[in-house]
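Okay, so chain A shows up in both of these, paired with chain B first and chain C after.
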Partner chain A sequence: MNTPSVELRDVTKHFATAIAVNRVNLTIARGEFFSFLGPSGCGKTTTLRMIGGLETPDSGDILINGERVNEIPPYERNVSTVFQRLALFPHLTITENLAFGLKIQHQAYDVIQEKVAATLELVHLPGLQDRYPDQLSGGQQQRVALARSLVLEPEVLLLDEPLSALDRKLRKEMQVELRRIQREVSITFIYVTHDQKEAISMSDRIAIMKEGKIVQVGSPREIFERPRTAFVADFMGASNLFSGQLIERNGKRYLKTQSGLVIQVPNSDESPHSQDQQLLALRPEAIGIFRKDQNPPTENSFAGRVLDRAYLGEMLEFEVLLNGTERVRIHSHSRSPADEILVDEEVLIGWDANSASLLREE
Partner chain B sequence: MSVVRSLGRASLPGLLGLVYLFIYAPLFILMIFSFNTAGNLAWWQGFSLEWYEKLLSYDQLWKSLRISLMVTGTAVILSTVIGTLTAYALYRWRFWGKRLFEGMLYLPMYIPEVVLGISLLVFFIFLGMPRGILTMILAHVAFTIPLVVLVVLARMQRIDWTLEEAAMDLGADELTTLRRVTLPLLFPGIMAAAFLAFPWSFNDFVITYFVTSPGNAPLPVLTYNLILGAKRSGAMGMINALGTLMTVAALLLPLVAVLLLRVRRFSLPGLHLLRKKRA
Partner chain C sequence: MSSFRRRVLGFLWRHPGAKTGVTLSPVVFWLALFVLAPMLIVLYYSFLTNGPHGALLPTPTLENYKDVFITEDLRTGQPEANWLYLNIFGRSLLLAFLTTLLCLLLGYPVTYWIALYGGRYKNLWIGLFILPFWTSYLVRIFAWMFLLRDPSGFINQLLLQTGLIHEPLQLLFNTTGVIIGMVYTYLPFAVIPLYAALERLDRSVLEAAFDLGARPWQRLWRVTVPLTRGGILSASVLVFVPSVGEYLIPDLMGGAKVNMLGNLIADKFFRDQNWAFGSALSIGLILLVMALLLVYFKVSRSEQVFERRV
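Then we have the complex of A and B:
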């Protein structure tokens, strides 16, 4: 059994009176691309900084490569951080920036030159060695920051929203690059972001954090398709929530809402641990919307009235009122029959029962 | 409206010219008359370098220059070090009474120099310290520190302190971080502070006058002594020459500083930050 790369045991951290990180337990395997995802102030950056040694936990243990590192200062930990603000040394050239850590390790001149060149190659940044950081573009600075950490060949690379300053197109490009580089160096990457799409597209596993606690850990698919709490569901974009009671009919489970809707629940083996109020989450794009004269293909369909429609570029967003009280948000392709549906029109909506997910109480 | 505006536009260069005339005319008159054969300002008799010869062969001048350089040199180094450390403490740490402390630091800049001078004099007498080089240095350190703190603090406010964390993250301990990152980044600010404090200290007359002894006159005090003498003899020539030399020196100092910074790859860490950014 391999020792995990990073292990957090009951890690807690307070700032003044507020609790930033609350009893976090986590194991991150070697070579994993692991993301902390959550809104600002959820404790994800603090957790990362504690792994890097820039903050000390109030209680609990942090293990890197099986060794407890609580009291070890950042400069003696075999981890390296790519900061949100990059923090490239403005008074040093790109080569000097990369060589900074190697010089402190008293590596030989030839070795330093060789490693710097190889790392610049790895991040696709040749020919800029003698420039200063302020002479590079945002994307290039990004690569330098990454290279400066990678050149030290750390056990773990910590990335604190490193792409947040880039524009959308460059960000996409760097996301692909980061994955490629991670595969090539096979170092454990721990990534902090508030962007769910970024986390989903890059990570092997994701931990969703809220108010200092981890609310769900799992593969991108698990988290996207099977959110466990209303918070995760909402954060991952499953913005439709139905609340009601579970009932059984003909061996199938249904959720009966207060307004009287009877919605089929996915037949998963996970049984909810209470019989009281249950929440069902549903992604807007999982729902089909049809005119009255069309035949909705699913058994799980309901009549409603369109309250609002908006054009969002590649898709349309509808808000539909069911049973006079339940508002449902629906996304469908702009170039689909749904495009003909107008506000105030009576429609039918429906979805595959398995695309919804039953939430656990928080 | 437009008449007023165009009038204003037309008169602006004239007005500006008057302002500059007002500032520089006295200096030019002093400079011109330093080459006058007659030792007064009443009329022009002819060009000569007589007063410069007299001045440069005047032993007291060289002694005063030595004293001035020693006092200012020592005081500027001391106040730059102390001021930088103070600024660092004020910027990085929070402590009880910080605001009061910061306010009190700048207070001397608003107190009349005469009052500062006399209070320093009383203080040194109280301590039983004989007036001389040491008391001058102490006084100069005292009144240049606020300036250094102001300038260095301004620089600190523009520094990204994540850089210190980044250095530690890359393996540098506290001392290495200070040496390799913090100081090089602060260096332009520290240099600017020193360049500002230098003329403040070098040119100071009022405070210095109170804390020096008759045998230890730095240049401004020597100038004053010469003026007192000239009042009796009417010989202003040497004073004009000294004034001219001091003005030229005062203009050369920032020029030298700028030139130093222009030299490419002048090997001081952090210096390129001071230079104009290349596109």
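Then we have the complex of A and C:
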């Protein structure tokens, strides 16, 4: 395998007394679409800015294309950033914005014209060359910001929550666009976001960050289906957590909670390292909810009472109390038999044992 | 409510034009009394004939204006350009231009530093810059004269003692002295608009310039200066306009040897008792400044396109 595009070794950064990034180690391969995902203040933007050279790490090394770049200023690094606030040059036309970096590299006029035109085509922005940024819509400005970085053909493109200012529909559209563009140019994209759906739909790999540390790195599927910690599980939307002891019965493993629920544990999960308190995460949409008179599933089902019910548009959210203590959140399709279930009703809930996942660390 | 008051209010409600007039009337009154009226008096005087002992004769004439530009050769009596006055006009423009340039060159880097790296002490730094402005102008000029004196002044002593120079520098009672005085006096006028422009500059745009490969100097010329052009223009006007008509600094720090328009006008009024000619020169100065302001408004209007998005 050839040299990784970006490598972080024990990278640490403090701001005043607070630690922003804490001993981050990471290898990002060439051409990868890599995302940093985490809540605000988790250090993801700071990490990105260190790769771009806009912040310097207190300790540790940053390697781009195998070369240590800690001391190299941003204007000498072969990376480019799409900023959250876009940061287009308001005094320059779209063409001039794109040509900015090329002119500084003293490229020939013809080459600049050619590259600018090709890049505007790549981001689907024809016919706006002579406008100024404030004459463009938010989505168009977004494309200009992207084009201004891409035109320099950087080794790595850094994207700092670039879609956060767009409305939902436009954001979806741009996610697809970014993915397409990344495939076409095959440049390493490093993307920062706090939106788990965005990260999942776009990335090859995701690093989840919390309080300056990376808590889990993996493919979207791994992170979504096999969260390692309660934080990751919760962040990815698996908001039901059961804690209890592992027991074995008839060759199958179960989690016995304090309230006495006995929940089947997916058999694919490897053995946890200790036998004491274990956590099991379960996504709200993986659980089925049934009226008493319906034909309930046989395995892994529990009786409970509906505490609350909310209509969320395409789905219904139920909160069900099991065994008098465990609260479970359930999402079910709004056009399903579950629609008839009302608050205070006695219900049965159940799920496929394999849709839950045992957390490995705290 | 009295019916009179109701009728007045009703009238204003139905006639929005009249309402605007009434609302603006205090401003209009103030401007008319303190700006327009004195200017009209000066304009009126400039067309009168100068009589003996400073009297003004009500004979209308254009002589005063002619005298600004044209004089008669003493021997031949032929009309020729009045270089004495034209030189003073030229010198005033040149010194005001130099003052403006130096104020920008000194003010911009310092203001840039305060706006971008001043952190929580920004306002303190700017306050310190402006603080001397609140003490008497005359006192500050005298203080500078003590500092600049040759050879006993502080600055000459310091340079002589440290061996940087062997002969005392002539820093006062010449053009250098006038420039030092004017740059010092008008620097706060440059700092305030520059600070306002640099302060609202979007930091991420500056980062983007670095990110796209611009070195610090390239960023300055291609991004920072163009984006603060509005502030630079305002600073230029605020320094240039008062400098071009400056009177006290050339008189004191120029040792009355460096004549500027302000001195010429003052001389005509007080020494020569020629109010008519002094008025004509004043109108000339006002027209000059107005022409420059017109250019400024034209240029700054075309700037606005870049400053809309901040």
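Rule of thumb we're sticking to: the second predicted complex is superposed on the first by the 360 of 362 C-alpha atoms of A that agree within 3 Å, B and C clash if a C-alpha of one lies under 4 Å from a C-alpha of the other, contacts with A are read in each partner's own complex, and residues count from 1 in each chain.
Convention: contacts are C-beta pairs under 8 Å (C-beta built on N, C-alpha and C of every residue); 3 or more make two chains touch, one makes a residue touch a chain.
No experiment lies behind these values; they were computed from the predicted model shown.
K.L.:
After the alignment on chain A, I want to confirm one thing: do chain B and chain C clash, or do they fit together?
P.N.:
clash
K.L.:
Between chain B (first) and chain C (second), which, if any, makes contact with A:K169: first, second, both or neither?
P.N.:
In the superposed model, A:K169 contacts neither chain B nor chain C.
K.L.:
Looking at the overlay, does A:P133 come into contact with chain B only (first), chain C only (second), both, or neither?
P.N.:
Once the two structures are laid over each other on A, A:P133 reaches chain C alone.
K.L.:
With the two structures laid over each other on chain A, which partner does A:G101 touch: chain B (first), chain C (second), both, or neither?
P.N.:
A:G101: touches chain B and chain C.
K.L.:
Same chain A residues contacting chain B and chain C, which ones?
P.N.:
Overlap of chain B and chain C footprints on chain A: residues 52-54, 73-76, 79-81, 83, 85, 87-91, 100-101, 104-105, 132, 134, 148-149, 152.
K.L.:
Which stretch or stretches of chain B touch chain A in the complex?
P.N.:
Spelled out, the residues of chain B in touch with chain A are 160, 162-163, 165-173, 176, 180-181, 184-185, 269-270, 272-273, 277-278.
K.L.:
Give every residue of chain A touching chain C within the complex, in rising order.
P.N.:
Chain A reaches chain C through residues 52-54, 73-76, 79-81, 83-91, 100-101, 104-105, 132-134, 148-149, 152.
K.L.:
Taking the complex as given, what residues does chain C use to touch chain A?
P.N.:
For chain C paired with chain A, touching residues are 202, 204-205, 207-215, 218, 222-223, 226-227, 305-310.
K.L.:
Help me check something: in the complex, which residues belonging to chain A touch chain B?
P.N.:
52-54, 73-76, 79-81, 83, 85, 87-91, 100-101, 104-105, 132, 134-135, 148-149, 152
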